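Both complexes shown next keep chain A, but they swap its partner, so chain B is in the first and chain C is in the second.
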Partner chain A sequence: MEFGPHLMLAMLEGLVQASVLTLTALGLSLVFGVMRVVNVAHGEFFMLGAVLAWWITSMLGGPAAVGFIAALIVAPLLVGLLAGAADWLILRRIDYDPERTIVATIGLLYIIQQVTLMTYGPDAHPVAPPFNTRLALPWFEWGENGFQMYWPWGLSTTSYKLFVIVAAIVTLIGVWLLMAKTKIGLILRATQLDSEIAQAFGIPVERIYALVFGMGAALAALGAVLVVPIQQAHYLMGADPLLLSFIVVIIGGLGSLRGTVVAAVLIGMSDGIISVFFTPTLAKMLATLLVAMVLVYRPQGLFGAKAA
Partner chain B sequence: MKKSLPLHLGLIALLIALQFILPVYHHGVLARVMVMATYAMGYNIMFGYTGLLSLGHAMFFAAGMYGMGLSVTQLDMSIGPAFGMGILASLLFSLLVGLLALRTIGVAFMIVTLMFSQTIFLTILYFGSVTRGDEGFVIQQSVRQIAGLDLSDPTIRYFAALTLFTTVLLGILWLVRAPTGRVLIAIRENEERAKMLGYDTWRHKLAAVVMSGTVSGAAGAAYGVLFGYVGASFAQVPYSIFPLLWVLLGGAGTVIGPFIGTLFMFYLIDLSSGITDAYMLVVGVVLVLLTMFARNGLMGIVRERWAKWLP
Partner chain C sequence: MVNKALPTRRKILTGMAAVGAATALPDVTRFAHAGSHSAPIKIGFQVHRTGIGAAYGRWYERTTNAAAKVINDAGGINGRPIEIVAEDDGTDPKRGAEVLEKFANQHGCDIAYGTLFSHVVIGSAPRAAELKMPYFVVSEGHHVASGMLNRYTLQPGITDVKSQVQAMAPWVASNLGKKITMIYPDFAFGHNHRDFFSEAIEAQGGEVVAKIAIPPTEASFTKYFPKIPRDTEVIYHVMVGPSVLTFVKELGEFFGPSAPAIFGFVDSLEAVDFATPGLEFLEGTHFWEGMPRYVQPNQTEYDKFYRAAIGIDENGASVDDPKDVSTYAHMFGCWETLFTIKDGMEAAGYKGIEDRTKLIEAVEAITDMPESNEHPQGAKLFNGKTHQVFGPQYISKVEGGKLMVKHTTSLEDGFYPDEVDYTTQSF
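And now, the complex of A and B:
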């Protein structure tokens, strides 16, 4: 394939990755923004979403679309409930102390991962996409014969991948509406600004925290359900989304939802493009180092005033 | 000093005695525990005494291990100088990491160390032609000889591990009573106040990172020497979490705690791996329970209840 069409293909793949990453990172960012804690088990909630999607679709049987729609609703809900319960049982009791929360969520990471290994097993399982029409894409070129359009071999995407992008955008608009236009959004923002004053105004902060922790996990699970027809469900699949979400959330500024979305699209796209043209190991290596350096040289700027 | 020195010397005497009475299997486990407890003690300098929580100590362990291993395979060094190279590598590397990472504090420090460590792991994979990546490489038995002693022999290996363990244990016992150690503890308790009293806290924190990283690297190099294997799995995230777990379990900020925690955890995982392959589940459960119910670990509880003098 020539460079132009190849780049376009890489960008399309990158956009799909970016869509899923946006949802996952948004969950992490929401939790940090409101609760000021880092959830290291976030990647495992992602994994759990994918595994539950497999479980639900294979339990229901029937046409792929029915199982998939059920998974799209039920899996994030279950993961959210589980995360909310974990918050209530564990994080609430350690007073959301930042360092102890990290240690506790590392513990949670291994518990979720290993219980999945014991029940779901070490194999990867696919989930059938609800629809998967192959769409060839045209390419335009200004050649000897003037402007012409042709169909390069291999330049194609599927209807499902386009659906993933649309679904992510719809979810984003939903989250924005929730935060900006509803009463619950107002309460969340108040808690984010100052949890003590919010409590003084009668907001049940502890319950809000459990809700936010559940919502964050549910967003990751939703991303996973969307990606699982493209990438199989596996008990170790949580590591990469966790690392990438960290990167996104740091670059975008922890807690800033708008920054998170912009950074997710940027990182997702460039990760997709770099992975097509270079080895993924090198891409990840440079990205990780770069982000660590961003944190080293601009910690306050990226972590907000809290780090000072 | 009156009570603590006999306690720690007693532990060493007990370990010497155990070498003669333990059955083969537990003898091997204990040698491994002593090396890993050295790693945990290194971690404890930063976490337990200085209050710096690192999530990336595997990079120091790996720096020592690969510094030693690559000196053997690439530079054809004999095992003694190669071990020295491992220590040197981790010393220089921890100095570099300290200079960079100490610009951050709190949660940012944790994430930066995590990411540096991940970068090292990926670097090891990327240079797979030299490091043999995930597969790792074996240090041949013919190389693992020092002054006519075969380090792969169980008894010699045990005493080599014990020598390393003893050196570091007594070194840390001395450190926490020395002025430098006192300042580290002051930084853990209240960095602002230590600064107000005129101590150069940044320099002390850097010293803590270098000491911690070098001891961890020495443990990594020793592991490669004594067990004859160098592999990328030692640079992965679980090996950054293990020392945290061991120290938390045994008691952060106690000299003897890391050993107790390591020993306890080794046998806990050993027992559970007989029941299930998912032995990391035990790690997770213990971590959660520790943060919820026993912040100070086993030796921390002992210190609170019975032995206030425990260093």
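And now, the complex of A and C:
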């Protein structure tokens, strides 16, 4: 493939990747920002979103669009409720102690993964996209009549992939509006700034924590429902999103939503582009190297608050 | 006043629990046919219940159980029933070696059998030799016949990749094209395809213009396809792992209406329904099949018997669930291997673990395997020196969403010179 079309394909693939990664990482970042705890089971909530999407669509049957819309609403809701329950039953009782939370969420990771293996099974199952047409993309070349459009061999995307990008942007705007313009967003920001003072003002901090934990998981599940018609639902699919989300949150800055979004786009695009031109392994190596550099030279991340 | 003649509620509940427990016990009467007081012959079945081989493992297990039932119903081996002891190896080489140890040391198995994925075979076979336990693999890897392994490892039930691709190359070169891009999984099995097909197609005057290796754990494939050169005449694809359906769908999406000729190994679609949306572009393309998944107009009575025993319909799916598509091109290897083990044990007069080397020598002496209920895939020839069997290969075309066999290769098409003689090695 010539370089121009090749780059365009790489950027499109990177955008799809970045879209899903943004949603997933945002969930992790929200949890860390407000609750100051690390959720190692975050990838499993992502996987649950995909598995539940398959379950909902196969239970409903009928046209793919109906099942998909139902999955888009119900799966994140169910995952959010499960996460909220996990927070209420487990994390609250260990007082959100950082080390204990890491251990507890590792345990949660294994429980969720193995229960899924025992019920859903070891195979991958597909979910039909609500719509999917191949879109051949044009490229330009300088011909005798000036700029001419032509359709290079293999340069294409699908309507569904474009939908994923749009859906991610819409969700991001929704989350931003929630955080910046609503009362609940105000409460969340207050709890993030100083949870003790927030409690003194009558904010039920523990319930807010359960809500935030649920919201974080629901965002990951939403990302998974969007990506599952492209990939398939498999019980081990949570491992890669977990790793990438952590990379994004560290590079973007713990607790900064803006940093998460910027870093997710950066990592998603570079992963996509390097994977297309070189190999996926090299892409992961470079992403991990970037994390190491950030931790050494700018530990608070790109947009994080500098430690006093 | 309680009437002591009537059973109390506690007694009824206890009785129901006892009946329930008794019905949950394994059916010990099934061995009544096959010699009442003989200890069963224990066959350790190394099965991929989880991991990237899980789809194959599930069907390997069903086929194994069906074959064991047929063998036991007919009187077992030397008057003794066979017992399949299954252990999950997670499609992992390290776990595979541990599972063999369990078979030898904990379960007291006579032999080990059933492994498919080549990296697990390579990781487990040395341990089988250390444990001095015969290890019958159902793997397609060329590793047995290459001499890499040992005298304890045999592959009498399924042909190997070198033989398969050598048989395919002439047909591909004369019917599809001579400039090939190969897409294969990046591990031992895929490397077999890469190395041996390149050799075979070059012998036909063809050329491999690109070799694209993809990790079998990969979930998204579009990023690999831009590496396909523009002048490719034939795309040769073989893929394994949980995401094979995604692989084939994205291949179709990448090319759209202007695809070159496509030749795939049905591994890319084992356990996947051809009627899945997104696979329409495969219509008119060709596939290698180890055994034809869809019932053909010239179906043999042996294929009919085999399908009925396992419970497979005319589309190669489970009779209980038409969506549960089988790994038809590979699982026959389990059936045929078990019957070969039976033949070997009977020829050797196998009595117990002390006869393990006699069993191997008896199997090494096997040559012709005629097409029969025991060998429904086709007539075969076993090479005792290389421990590898040779058989027919099928080339099918997708017509109306089903694979119809267009060409059957002969055994000679797949022969290659011996690379090892295990019979000269000591045990």
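Assume the second predicted complex is superposed on the first by the 292 of 308 C-alpha atoms of A that agree within 3 Å, B and C clash if a C-alpha of one lies under 4 Å from a C-alpha of the other, contacts with A are read in each partner's own complex, and residues count from 1 in each chain.
Note that in this section a contact is a pair of C-beta atoms (placed from the backbone, for glycine too) under 8 Å apart; a residue touches a chain by one contact, two chains touch by 3 or more.
Values in this document were obtained by computation on a predicted structure and should not be read as measured data.
Judged by the touch definition given at the top, the superposed model places A:L243 against chain B, while chain C stays out of reach. In the superposed pair of complexes, A:I184 makes contact with neither chain B nor chain C. Once chain A of one complex is fitted onto chain A of the other, the partner contacts of A:I169 are absent, as it touches neither chain B nor chain C. Applying the stated contact rule after C-alpha superposition, one finds that A:A65 touches neither chain B nor chain C. Of the two partner chains, neither chain B nor chain C is touched by A:I73.
Of the two partner chains, chain B is the only one touched by A:L289; chain C is not. Of the two partner chains, neither chain B nor chain C is touched by A:A85. By the touch criterion defined above, A:G272 reaches chain C but does not reach chain B. In the overlay built on the shared chain, the residue A:A200 is in contact with neither chain B nor chain C. Residue overlap on chain A between the chain B contacts of one complex and the chain C contacts of the other covers 117.
Residues 38, 90, 93-94, 98-100, 102-104, 106-115, 117-118, 239, 243, 246, 250, 279, 281-282, 284-285, 288-289, 291-293, 295-297, 299, 303, 307 of chain A touch chain B in their complex. Within the complex, the chain B residues that touch chain A are 53, 55, 100-101, 103-108, 110-112, 115-116, 118-119, 122-123, 125-126, 237, 241, 244, 248, 276-281, 283-292, 295.
Chain contact summary for the complex, chain A toward chain C: residues 1, 6, 9-10, 13, 117, 121-124, 126, 128, 132, 134, 136, 153-154, 156, 158, 230-232, 234, 237, 240, 272, 275-276, 280.
Within the complex, the chain C residues that touch chain A are 49-51, 54-55, 58, 215, 218-220, 222-223, 225-228, 230, 242-243, 245-246, 253-256, 258, 271, 276-278.
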